[in-house]
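One structure, as C-alpha cells, below. Some questions next.
Per-chain numbering from 1; labels A, B and C assigned in written order.
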C-alpha cells in the first residue's frame, strides 16, 4: 500500500549496506533489550525509532525486502549514534558498526545519484567545524558580539530569526565564550618525579571553544608527574567527516594523527573530549571497513589506538594524586554517551571527582540517556534534540545542583544552551576543570 | 447454619465419584449443590434460597503425593488443616496460613473462602501457595489447572479463580500447594500503648525499622481481653495493643525482638511483653480464632489502606466493636457488641464504618449475622465494576446455576 | 468468528484509519508498509505477520475508543508492550490493530506507607526499580529482560526471573489493574488494598497473555529492601553434584533469594566474554544469593557452603565486594549473549520440572543432544526447576535445524512426563500452543475456553493465543516452521 507512496523519495537500494559484514546483522537476536536504553525510543515508544527496529530496517533494505523510502530514512537519521544500545545488548551487537557504515552508504549513494551535499553540510559541518583555526576565527564575531552584549540585543529583538534556521541553532548553542586563552605550547614539563610522557589530543571544536579545558588537562597531567607533549601537526579526529559520509577524508585525518603522535614517542595519548576519544578508539574498525586488509593503514592506526586514553581513564590507571583545594559544590554528573557507552568509562570520572574535598556528587536520574547533542545532531534533528535536552534538564533539576559536570564538549554545549533557554544560571564543568581548580586552590565561582 | 434445613448430604470418596454425582444431578434432577468441608464458614455470603444437596468433601482427605524435597504437596481438598499441618511438620514444612478452627476447617474450605490471618503480612494468602487444582464443574466435568511445579505459566490460572469463589464455580477436589520450611523460632512482641495515636506512629515507624515482622496486629481492649484469655498467657489488655510476630532462626527472632523493643521504646510504648517461641503457638492460635463467630450479633471484615486502619479501629472501638486488625495489610475483623440486637442498631454502628472504609477505597463485608439482616445490609459491600464480569464467568462455568446458587447475590445466581 | 472472516479486515481498514487518527492524533498511528515491518514479530522470530496498523494511545479513554472502534468493525486487535516476548505473545496473528502501550508509561503514584505503586502498562520494569531506589522499597519481580520489558507485558505473561524462588512471580506482586475489556468496557480489578470481595479476577487476569483485554493501569505491591546480601559461587565437578546441592540447600529449609546454575559450556562462553575467573574445567557452577537480616545472612551463607561441600563442591567462593557481586550477576544475566561465541544460532527452551527431577532432566538433555548430534548448554533458574537448555546450531544448515526441533520437542515432552510444564516464564503465546493438548485434557481446555468467552466472547482481542481452541488453523505450521531462532533471556 505505502510502498509506492513516495516514489520521488525512493532510492534504488541496490548495494546499500553491502559493505556491512552480514554476520554483524545476525548477531542481533531480536530480544529487544536495547529498546529502553535508546533515547529516541524512550521519547516516542516507536519500535521504528529503536535500535532493534533500525537494525531490522537496515537489514530489510540490505536484503532487498524494503525500499529506502523517506520514512525509513527518517527513522535511521533520527538515531543519535549514542551507543546506549551497545551497553544494553547482551549479544554484543556492534550497533555503531552497523548504522555508521550504512549511513555512509546512503550518503555516498545520494552523492552518486547526483544529490549535492547541502551548503550546511559542505560549509559548516565539513569545512568550518573540523578546522581548529577556522572555527576559532569564525567564532570571533560571536566573541565580539558577546563582549559587547550585542548577542542579547539580537536575541531579544528577535533578529536571530532572520538567520537561516541551522545558524540560528548554532547561535543558540554557543556558550558564553571564555576570554581567549593562549595556544598550548608543544611541551610542558612534569611536576615532581616524572611518571609518564603523554600526548594531548586537542580536536577542532573543543580547541576553539574549550581551550581552557585543554590547559586544565595539561596542568592536571603535570601535577600527576606527566610530561605533556602537544604535537602541532595533529588534526581533527574526523568523526564529523565520517558520520556525514566523507570516509576518505576521515581516514586521511586519522593517518595524520597517527603520524603526529608516533613522532612524539609518548606512553599514552590523552583525550578529554569523549566524542573524539570514541572516534580515535574506533580507527582500526573504520579502517577495516573503508580499506580492508590494507596494513599500511591498519598498522599505524592500531598503534595509535592502543595508546588512546580518556583523561579520567588514564589518571585512574596511573593512580591520581589527590588534590587538596576545597570546592564546596553540590553537583551532578552526566555520562557522555561517547564516554559511558562507546568507551565504557563510568566510574573513573566519578572517582576523580570524589577526590575533590567538599564536592558533593548527587546521582543523576537517567544519567546515561543522551542529552540530544550527539555531534551535529542538534543541528540536523532539532526537534528530537530539543526534546532530549528538556528531558535531561528535567532530570538535572531533580538533583537541585549548583553545577553540572560532563566530560564531552557537545554535551556541555547542549546542556548550557538548555540552561539558558530555561533562564538558569547553573554552570557546566568538565571534570578536569574542577580537578584543576582543586589542585590550584581556585574557586569555580 | 446457612444451609436449608432439609439438606441431604452425599459423601464421594474420589474425584471420579464427585464427577459422577454432579453429572447425574446435572442431567437429572438439577438440584442445587452445596459443597461443604468442615462447615466452619457456611454463614459467609447469602444463604441459598433453594433446597438442595450438600456435597461433602469429608471423605476426600488423602495425601496424593508429597515429594517433600520439592516442597510441594498434592492432597485431596477435604483434608483438615490440622492433619495437613501434621503431615507437613514431619518433614519440617508448613502452609503458612493462619486458619481458625483448624481442627475442623478443610483445605478446600480455606481455599473457597480465602481464609487468612495474622501472618499474611509476611507470607501472603492462599493465592501465593496454590499451584495446581483439580475441580469438577456443575455438569460433572473434571478439569485441572496449574500443575505440580512451583513455576508454570501454561494456560489460564484457574487456581486463582477458585480461591475465594465460595464454591460457586466448581467443586475443588484436589489441591497442589507450594510449601515453606517450618521456622526454627516463632516469637511475638505484645505492646500496650496509651493511645491510638502513639500506636499508629509506631506502625508508621515500621517503614524504617531494621526488623521484618511477619505479622503486624492491632487490637482494642475488648479483643485483647478475649485473645489473651483464650491464649492463657499473662499479657496486658487495658488499652490499644499492637502485636508483632517474628519467625526464622532463633538468632533472627532474638535479634529482631530486641531491636524492635528498642525502637518502640523510642516511640512511646507504654508496656512491652515478649512472647517466647514456646508460648507463641497459643497466642497465634488465639489470634486466628478471634475471627470465629459464636454468639456475636454480627462479624465483619473491612479492607482499608494500612495508613487509614487505626483511624477506623478507633471509630469502631468507640462504637463498642471488638477489633483485631491485620494492621500491616489494612484488614480489620470486628464483632459487634452483644447489646446490638436489632437491625437498626447494627446499621447505626456499621454505617459510619462503611463510609469511612469507602473513603479510603476500601469496603466492609459481612462474615456473619442473622440471615434476615442480610436483606438490608449489603454482605459484600458496595458492588464494584468487576461484578458484571464475575456474573459472566458464573454463567459460563455454571450456566444452570447449580453450585451454591445465590451465595454472592449475582444476577446469574437469581433463581 | 473464524480466522478467514478476520483476515478480511484489511478491507475495512482504510475506513477506520481516519477514526484512529481522530482518537489518538495522526502522529500516533502507523499504517505504511515500511513503518509496520518492525512490528511483524517480537522476541520470537519464527512466526511473522504485520499488523494492519499500529496505534499509540496515551490514555485509557483512547484505548476504550480504539477497542470500541475495532468491535464496531469486527477487527481483531492485540496489545503490545516492549515486544520482548519469547513466545510470540505480541504476534498479530490475524493482522488488525496493534495497540502499542509504550506511551502509557507514567509512574502515577508511589505510596510507601500503603506499600503500592500505580503505573502505566508501558512502564519499563527497570524504570520502576530506578524510581524506587533509595526509598527502601522495591518491586520484586525482576525478569532478566527487566531493562526493556514493560510492567503491562509482565502482567500479561506473569513473568518470573532469578528472584522468584524466594519472592514469587509477577502475580504475587500485583494488587489490581484497570482493564479495558474486549468490548470496550473499563473495569477495575482488585485495587490498592490487600483484599477485595468476589472472585480474584486480578489473579486470573495476570498471565492471560492479552486475551482478556487491554490493561491500562497496574497497581503493584512494593516490598521492603532486604537489609543484606551474600552472594556465592559454588564450583562443582559435575552437573549432578550441583543439582544435588540445590536439593540439599532447600531441603535444609534455606530459601535463597536466587539459585542459578551454569554448566561447563556456558562457563566457557561467559569466561571468554567477561573474564570473571570461572574455572574452565568445572562441570557446573551455582550462583547462590541469600538475603535478609545482616544478623542472618552470614549464618545462611556458612550453611550453604557446608552443604555444597557435602555434595562434592570443589570450592565455594564468596563475592567480597558489591562490584564482584555485580560482575557475577552480569555474567549470569548476560550469559545468553555470550553464547554467540559458541555458535552462530541458538534456540532456548523454557521447561519446568520438579526440583528433584533436575538431575534426571539434565541427563536426558545430554542424551538428547548426543542422539541428535546437537550441542546443548545450560544456564537456568535451578531453585525453581525452571530449565533453559540452549541448543546450538547453524541456521543455514536446514538438516541441523530439523534435529534441533526434534531435540527441543523431545526435551519438552520429557518435562511433561516428569510432572512439569513446557513454560515457566516465557508463556504459551503462539510458540507453545501445540503443547497445550499434551499438558491439559480436552476438558481442561474447554473450561479455559469458557472463561475466555466470559471476557472475550468475540475473540477479537489477541486471537489465536494461549489456547489451541482459539482458532485451530495453522498449528502444524507453527510447530514445524523455521526455527532460525536465537533468543536471549
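Methods note: a residue touches a chain if its C-beta (ideal position, glycine included) is under 8 Å from a C-beta of that chain, and two chains touch if they have at least 3 such contacts.
As the structure is a computational prediction, the values presented were derived from the model and not from experiment.
Summarising the inter-chain layout, the chain whose CA centre lies farthest from the centre of chain A is B. Of all chain pairs, the one linked by the largest number of contacting C-beta pairs is B-C. Annotation: 31 Å between the Cα-based centres of chain B and chain C.
Work out the mean CA point of chain A and of chain C, and you get 37 Å between them. Centroid to centroid, with C-alpha atoms defining each point, chain A and chain B lie 61 Å apart.
Against chain A, the residues of chain C that register as touching in their complex are 30-35, 37-39, 41-43, 45, 56, 82-84, 86, 100, 102-103, 105, 122, 124, 126-127, 130, 145, 147-149, 273, 333-334, 336-338, 340, 344-345, 486-488.
Considering their complex, residues 1-3, 5, 23, 26-27, 29-37, 41, 45-48, 50, 52-53, 56-57, 60, 65-67, 69, 71-72, 88-92, 365 of chain A touch chain C.
Taken in their complex, chain B has these residues touching chain C: 67-72, 92, 114, 120, 124, 127-128, 137, 141-145, 147-158, 160-161, 163-165, 169, 180-182, 184, 204, 207-208, 210-212, 248-249, 251-252, 255-256, 301, 303-307, 329-331, 361-363, 365, 380-381, 384-390, 392-393, 395-397, 408. By the touch rule above, chain C contacts chain B in their complex via residues 111-115, 136, 157-158, 160, 164, 168-169, 171-172, 181, 185-189, 191-204, 206-208, 224, 227, 247, 250-251, 253-255, 292-293, 295-296, 299, 352-356, 381, 384-386, 419-428, 432, 435-436, 439-441, 443-448, 450-455, 466-467.
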